[in-house]
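A, B and C label the chains in the order they appear, each numbered from 1.
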Amino acid sequence: MNAEPMNVTGTPLRDKGEVLLSVENISLRFGGVKAITDVSFDIRKGEIRAIIGPNGAGKTSMLNCINGFYQPQEGRVVFKGERRAKMRPHRAAAGGIARTFQNVALFKGMSTLDNIMTGRTLKMKRGFFWQALRHGPALHEEIEHRRVVEDIIDFLQIEHIRKLPVGKLPYGLQKRVELGRALAMEPELLLLDEPMAGMNLEEKEDMCRFILDVNNQFGTTIALIEHDMGVVMDLSDRVVVLEYGRKIADGTPDEVKRDQKVIDAYLGVAH
Amino acid sequence: MLYREAGQYKSTYAADMGVFPLREDRIGIAVILAIALVAIPFFGSDFFIASVMIPFLVFSLAAIGLNILTGYTGLISLGTAAFMGVGAYSCYKLTTLFPGVNIIVLILLSGLFSAGIGVLFGLPSLRIKGFYLAVATLAAQFFLQWAFVRVPWLFNYNASGAIEVPQRTLFDIPLTGASATPETRYFVCLGLVVVLTWFASNLVHGKLGRSWMAVRDMDIAAELMGIKLLNAKLMAFAVSSYFAGVAGAMMIFLWYGGGEAADVFSIRLSFSILFMVIIGGLGSLIGSFFGAAFLSVLPTALKFGLPALGVPIGGAAAEHVTFMLVGALIITFLIVEPHGLARLWQIGKQKLRTWPFPY
Amino acid sequence: MSDIATRPAPNLLASPLVKFGLLLAAIVVALAAGIWLDSSNTLYAIFVDPFRQMAQAPDLLVQTIWEGLVSGVLYALIALGFVLIFKASGVFNFAQGIMVVFAALTLVGLYEKGVPAFLAVIITLGVMFALAVAIERVVLRPLVNQPDIILFMATFGITYFLIGFGEALFGGNPKQMIADQLYLPKGAIDLQILGGLVSLQKIDIAAAVIASLMIAALAAFFQYTRIGRALRAVADSHKAALSVGISLNQIWVIVWFTAGIVALITGIMWGARSDVSFALEIVALKALPVLILGGFTSIPGAIVGGLIIGIGEKLGEFYWGPLVGGGIESWLAYFIALGFLLFRPQGLFGDKIIERI
């Protein structure tokens, strides 16, 4: 990883051929309530894919199905060519899916540094007894990962809050730390659930920059949920639109913007 | 003026990741260790060492154990005393089965049995949490306490039903049994506590400790980071029970020197240790020491201190006052400083850091 | 579904029915195999002999069940105190057991100091009210909106304080409950049934009747009064209740006082059966497994749970206890509850626990 800010206006290094993940005919019910009905779409390697839709359209539930927190009753999730009916959360994490949450879900009692270090858990291999000694291999491992984490801290410009407990940080910074924690997992697919909710304009701009940088520098594929249409249209390569748990449109931002169903969903239909 | 971080630059991550990154803290720890190693054995009376210092060390270790479970992992246990009992009885069985092996080794081994039992009773923690888990650990407390009385194999079919601590030596110095001096027993306790605290500190500052705290703070997010909840929780139960077990073995072998162990490891003891952790500070190792010091010294201080000051107080009355005080203190701490003595200590250090110009 | 609400049942195995069926099948198979292989008659002693004994002496069985029923009623009464407070203030009141002891001690202590019995009851009620006010002022008010677990631990503090306070005032020796002076019935009714004599203590019958009356009154109070509705509102959310103008402080005093009354009645009944001492404290902990069975928020759950635990542990002790040296009453209740937890974590009548993020 490179800590130096990179010129992102240059030609993007994206290779958008391969399908990284696809969901096939997913349906999810909670008792009698249908959260998602028969939705399929794919996410290609290296792209920024937005999932949009009015409140209650099933966007977060979709992310939850992708990383195994929910198990859909019907349909399949295919990730890196592996097709499975259900995904366990830690398996998804091991496979390279990381995410952030709509309402920040940080470990409030821990420092920024420790929060981001938790993202490295899966990459740390030393066993219990080495950890108990904290010398030799365990210490080397700890330092090696600390170095990676420091790079992420530099990248997100949160050096000054390194050792503060995250519970006391302002909301915008918490969101940034959460992004850092997800990045520490070095994910292939990063799921962002409303990364800009509740932010002011400046914070939003920063966050957009970080998302673009992550996509450009690390080549991370990103799926994001966002309500700010301006942000969605500027950032994303392709957009999928959900309404009442069904997919109503899928395509580039321009295509979606012109889609009559989408306009109806957002503005209401004249009768 | 005495406590400054200014001018102490850290040029490696290793230095920054140290448990005591400040030079002053390192000096402080060295001074405390020196006092514990030299001053107390030389200047402390036998009474002080046997009824203040040894109980303090034993309780500290048990409190660290419970703190790992409750403070770091967020799982409440009301069965600490039972796990301590498992340690004591395992140690007793081990001394009978392997009389030739050094007693310190056996004490350390006996914790493993306790850890095993702890994992067993920790299994429900995957499905239940909070109050429910607290009740589940009561099952361990009452079942094990029952077993200590009803399974005569555990106490070698003694008529008295008590553990009899045999004499064991190291380099011909008696460590346990009637002829062991308080000083030797104190040194053994101190050594065990220092080494195990060091392990605990390493664990909570490493990957495992972070997993525990992640589970405590937001278990769903922890799971999505790839932390296996069951593993992390069972690991916490195992390590916690190991510490409790070693503390229990120390309690019988190095402090009580035998006796009706089944009575000792009662629910009251479980509560006392939980209170040490609360008052000392949840999720803080140094807090465990504070809490243990506070609660193990308080009864003795009331019993012997008040009469010495001229306040007439009987043994029974002192006990009642202790109960009331402990109850009141717990409530006070929860209201004023839920993070316990450890947080007060930190605030004190913070004040000292900027003293005398706080702005 | 904009936030992670409930997790749907992930697979077939998670369905309790399927799991229960599988377990049952496994047990039957294991049993059959075991009995076939059994040479030392252990399995016979565990799985066959107790039932044979029950069938041979049904009068003993009835007697045991009755004993269990009565202790179950008392567990249920303590659990009821827990449920009241939990429902209304979200506090898991660990001190309920000690409140029972404290109330009974106060009553007996006052009587010993020369106060007439019924006046002593009234004064004790006054003391319980004062306790409720004190707890609200000193403990609950400063801890509003703290995490549940902090409040839970604060009730440990209350427990210890009351133990010390009670012992300091009234001494730690067991005392005799003033059952005669309160005109509680004495003696036993002997019934000739099933070819044997079953003896029912009148005090036990009285306990069952009084408990039922009280539960009915409480249920009506919760369901039909304005205060009852406010109580339920507070239970759902402190903040929301405050915002619609419910006075938390007042509600808390009421609910802790109600729990205090329940504690006093429990203490009288219990004290009349054995004696009043701090040994009750350990017995009172059995209300916790009762709560697990019944769910923390359900009054019928507390009663059914209490009866299941009471009868279960008496049967267990009487028929299976001797196999392992007796005394299993001390932990059986917890294991019944634990086994139950694995199938229904929210209890018999409790609401489904919803995990949010």
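Convention: a residue touches a chain if its C-beta (ideal position, glycine included) is under 8 Å from a C-beta of that chain, and two chains touch if they have at least 3 such contacts.
Keep in mind the model is a prediction, meaning the values are calculated, not measured.
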| item | value |
| --- | --- |
| Per Cα centroids, the chain farthest from subunit C | A |
| Middle chain, criterion being Cα centroid separation | B |
| Length of the line joining the C-alpha centres of subunit B and subunit C, rounded to whole Å | 32 |
| Between subunit A and subunit C, centroid-to-centroid distance (C-alpha), Å | 47 |
| Centroid spacing, where centroids are CA-atom means, of subunit A and subunit B in whole angstrom | 42 |
| Residue list for subunit B, restricted to those that touch at least two other chains | 218, 220-221 |
| Per-residue multi-chain contacts in subunit A, two or more chains | 69, 101, 105 |
| Multi-partner residues of subunit C (at least 2 other chains) | 4, 357 |
| Interface residues, subunit B side, partner subunit A - complex | 12-14, 17, 199, 202-203, 205-208, 210-211, 213-214, 216-218, 220-228, 235, 283 |
| Subunit B-facing residues of subunit A, complex | 67, 69, 89-90, 92-94, 98-99, 101, 105-110, 114, 117-122, 124, 126, 128, 131-134, 138-139, 142-143, 146-147, 150, 181, 185 |
| Touching residues (chain side subunit C, partner subunit B) in the complex | 4, 92, 138-139, 142-143, 146, 148-150, 152-154, 156-165, 167-168, 172, 282, 285, 288-289, 291-292, 296, 324-328, 330-331, 334-335, 337-338, 341-342, 345, 355, 357 |
| Subunit B to subunit C touching residues, read off their complex | 76, 124, 127-128, 130-132, 134-136, 138-139, 142-143, 145-146, 149-151, 218, 220-221, 267, 271, 274-275, 278, 316-317, 319-331, 334-335, 338 |
